[in-house]
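Lettered A, B, C and D in written order, each chain numbered from 1.
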Amino acid sequence: MFVDSDKRMSLADAAALVHDGDVVALGGGLSARLPMALVRELVRQGRRDLHVVGSAHSIDVDMLIGAGAVSVCEESYVGFEQDLGLAPAYRRAAEEGTIRVKESCCVTILTQLRAASMGVPFLPVRGIKGTDVPRLHSEYAEMTCPFTGDVLVVVPPLRPDVALLHAPMGDARGNLVMEQPYVLDEHFAQASRSVIATVDRLVDTDDVAGFGVTIPGHFVRAIVEVPFGAHPASSYPGYAYDRRHMDTYVKAARTPEGMGGYLQEWVLSGDESEYRVRVGEESLDRLTSWTESDDAWKELFA
Amino acid sequence: MFVDSDKRMSLADAAALVHDGDVVALGGGLSARLPMALVRELVRQGRRDLHVVGSAHSIDVDMLIGAGAVSVCEESYVGFEQDLGLAPAYRRAAEEGTIRVKESCCVTILTQLRAASMGVPFLPVRGIKGTDVPRLHSEYAEMTCPFTGDVLVVVPPLRPDVALLHAPMGDARGNLVMEQPYVLDEHFAQASRSVIATVDRLVDTDDVAGFGVTIPGHFVRAIVEVPFGAHPASSYPGYAYDRRHMDTYVKAARTPEGMGGYLQEWVLSGDESEYRVRVGEESLDRLTSWTESDDAWKELFA
Amino acid sequence: MSGTADLSTSWTFDEWFVVALARTIQDREVVFHGFGSPCAQVAMHVARRTHAPNMLLIEGAMYAVNPDPPFIPPTSNDASLKRGAAYSMRFEEFFDAACRGDVDRMFLSGGQIDRYGNTNVTAVGPLEKPKVKLGGGGGGCNISATIGSLTLWTTRHRSGRTLVESCDFITDIGHVTPAGDREVLGYTGGGPQWLVSELGIFDYDESGIMRLRQLWPDVTVDDVLAATGFGLVVADDVGSVDPPTSEELRAVREVDPLGVRRSEFDPAELDRSFSVSA
Amino acid sequence: MSGTADLSTSWTFDEWFVVALARTIQDREVVFHGFGSPCAQVAMHVARRTHAPNMLLIEGAMYAVNPDPPFIPPTSNDASLKRGAAYSMRFEEFFDAACRGDVDRMFLSGGQIDRYGNTNVTAVGPLEKPKVKLGGGGGGCNISATIGSLTLWTTRHRSGRTLVESCDFITDIGHVTPAGDREVLGYTGGGPQWLVSELGIFDYDESGIMRLRQLWPDVTVDDVLAATGFGLVVADDVGSVDPPTSEELRAVREVDPLGVRRSEFDPAELDRSFSVSA
């Protein structure tokens, strides 16, 4: 566990704690609380051969794949739901065989993280049998229950090298405050060797304690304040997701050239403060306007 | 799950949902948030042959045993810590063989509740091997991990018939608000066939949502408002535990006659409103005085 | 036709479709939808506002219990979707409930669906070099085994590529898999109970095989047979889908002012419109 | 003698005892005590206020992380024990951390303790009809296997009934059990590292057997041998316990104004008092 009282560092130094080849857990889910500032910094630093794990994700995984940073993808879903459709870079890499797809299941990943958290070398799951999922997972086994005679699939622990988490708020010690859904973030924190966190806002320990700490600092190795660090994903109660930017990304990412252009324009051309300038104050303000009224909120998605 | 919107009932009707022979999970722990009003009502109703399960407990389990309501005791600890010592009725019953002692372990019970929650027929634990605990648990088995070759103890699910929980606050739907430590209460709620809850105070759903719901109403079959329903255990933020009353109990319970006298005086002679009268307004007020100052708080334990 | 009033003298197919999905829910059921499922999502709120007021609605990806969102956004985990919920489950709390059998119904779709209701949301074509890599199964390959009943749906039946003889990859469990049926597999969930497509409404016979029960009024049995890649069972008494009531239509329009349900349909399907005089 | 000042010209045995327990903690360790353990509980706060300011103190039964309680109450789960903590672990969160090896040290006691540090907190006498039914083991029979190091303690060594040839029941794991040692059992935790008793301070030799290292100044080696039910190893260089510093004594008195630590001792032990001129 990480007992230091001040774990603040620069985004570059924090991202440098992720190494080529690491098993990396990505926090948040779908369009919410994705650790995008860290994702962009990993792209800037040219990280390679990452093995990403998680539940249902979108632009975070897709961008890492599109940047050539991923060799194994072990998520339960990568995509942009019905709204913007399939994940372009993931799809291309999977169809061309440039990444190894180890598609998994929310329950299976949860169970494997639990095995790591609980310190046991295997855990059973109820399902999987009868599906083709084991074709992607030669590491699974089957066992016969000594009490009922049922045959169940058992899975080994999943212990990521590092979990990248984003929270709206945190303190220097690494205590993180989140809103539901926490998705797998708590489990990532417990099962991973270390956590690297970004927060939209660094506050005092009294403040995080007052709001209620979701992830305690003793799991966190590094914390970085990055305003709008989840953009274009949401980070409530601060800001909604940027559907227009997501759309821009998805359209660009449909070709390798478009992907390269997007990365050049939005990621490689500058750091996070330049990213925020490029997105624009007006756009960012708009994403925080959801608090004004139900209509203002709804307008963000129209 | 229990979808009704109004689950309020009388203490007598709620306790009547517990049947002779049931496996009963007792919420809270040691001297905190014990479901004492329900325990006393079960004694009044003459319940028999209960199989109690839980972690570290005190007067709740001891009183049920002293009243002859228990046939099997599967707790990780029963006693009054260093302060008031061994649990008198538990000790007597165990030494005389009038109950079956299936002493368990916090981790094992947690794991068995998790198996029930997760819908799997077995789960492994890391420890137990090398101890004499399996002598009390012929239901345990051992399995060889297919990944590491390690031999681990595996345990079956524990699915209590009913969990008796106390919370400082709740609503008519059964949403319960608690302070940490929740101990096993959340796991009991998920693993048990039903939950019967008492609360010191019934409030609106908006209020429980504002404070943050610990146990959701869909696990709760019945809810009863009983002020000081955990007494002589604590129910923060309302009241501290009543050390003097605990001492009175422990001294009385050291003999069968004393135990009978205690039950006659405090439990069988009247209902919960009479119990509160007997304890006395002055004593109850004193237990809520912990908020006044550190010295006032400390005085409660001097 | 009963229950139709001014509001409902005309309606579009997407509205009727979610009403049909909503009707597969019984009152007092515990019901869940996965992410990326706007039709199912809208349908659950419609059911709760009409015939199933006591259902326990678990908002997929937010795990919020009985929320009253001001609108359905185009993503499944926007905070608007927990508004009014006194409680949101933790991720593990929902999946545990699903695995132990405490969830009565889930809505499930698939890029491919076979006669037994096995679904493929992983990849079309050979696994090593797929023709189309789909998004993935979320939690389905476990919880489809244990949830009480499944309502399947697809808006792509007409393509002829969705209801297939055999899934290229089985992600979620139907009634019978190559490894055996649910009894052999030790699965406690009841499996697919309904399938709603843009061509008709189907249930499953005692062998677990999909069976046509109702048609949309602008669809024929032959249309369905032509679009289905396996020998479909047709019920003796194939009827027409009951029109939506005014209450149901009002609920659809109130729940989904942004019309996110429409994102599931080909444009041609959205042109199908109906009225009481039709 | 160094570090003694006015405050510490005299002290009682119970004060010195918890100081000795505190010294078994290293800075930056993650440390836990069980319920009903006032001496260990006070010792942990003393360590955090003196030589181990960066330890992660997990308050037993509250699972509060680094609290600053205004006093130590006589029960382990009073809310006073989480005052000042920014975070309290969930029950399962602590036990999982202990099982996966993320907890460095636990304090553990027992009604019986054998040479290998196996402890009995279950029952003295035959299991079927025990002479004394003890309270029970809490979480010990699992987490004693996996926690980094254990500090054992007892205040009843002198009775002759605590350090025994063989425990009537093994509740918690020492270095070697009848079923094998930790390597055979597959246990990752290091087992007992220290045992502090009212007679002396002990560690464990390479065979996992208890070894006398230090004596309290009013105790002889023969006193210890007479009170110990097995052949004790005695270190070549048995020394005397270092007296408490003024900082340590001040910490004890500030942390434990109610003197709950005293509830663990026979009255005769509480009469043992010491001073710098002793």
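Simple rule for what comes next: a contact is a pair of C-beta atoms (placed from the backbone, for glycine too) under 8 Å apart; a residue touches a chain by one contact, two chains touch by 3 or more.
Please read all numbers here as calculations on a predicted model, not as lab measurements.
> Taking each chain's centre as the mean of its CA atoms, which one is most distant from subunit A?
D
> Let me have the rounded angstrom distance from the C-alpha centre of subunit C over to the C-alpha centre of subunit D, please.
59
> Report the inter-centroid distance (CA atoms only) between subunit B and subunit D in whole Å.
Whole-Å distance between the two chain centres: 28.
> Mind checking the centre-to-centre distance between subunit A and subunit B? Centres are C-alpha means, answer in whole Å.
Using C-alpha averages as centres, the distance is 39 Å.
> Listing for subunit A: what residues touch at least two other chains?
In subunit A, residues 118-120, 125-126, 150, 152 touch at least two other chains, as defined above.
> Residues of subunit D touching 2+ other chains?
99, 146
> Select the category (line, ring, star, complete, other) that matches the graph of chains linked by touching.
Its topology fits none of the listed shapes; call it other.
> According to the definition already given, which pairs of chains are in contact?
Result for touching pairs of chains: A-B, A-C, A-D, B-C, B-D.
> Which residues of subunit B touch subunit D once you look at their complex with the stated criterion?
Where subunit B meets subunit D, its residues are 29-32, 55-56, 75-79, 81-83, 86-87, 90-91, 94-95, 97, 101, 103, 105-108, 110, 114, 125-133, 135-136, 150-152, 179-184, 186-187, 234, 236-237, 240-241, 243, 290, 294, 297-298, 301-302.
> Mind listing the subunit A positions that touch subunit D in their complex?
1, 3-5, 116-120, 171, 173, 175, 190, 205, 208-209, 213, 216-218
> Considering the complex alone, what residue numbers of subunit D touch subunit B?
Against subunit B, subunit D makes touches at 35-38, 61-64, 70-71, 73-80, 82, 88, 90-92, 95, 98-99, 122-123, 127-146, 169-173, 177-180, 185-187, 257-258, 260, 263-264.
> Please name which positions on subunit D make contact with subunit A in the complex.
It comes out as residues 28, 30, 54-56, 65, 85-87, 89, 93, 96-97, 99-102, 146, 188.
> Once bound in the complex, which stretches of subunit B touch subunit A?
Touch residues, subunit B against subunit A: 111, 118-126, 139, 141, 143, 145-148, 150, 152, 154, 156, 212.
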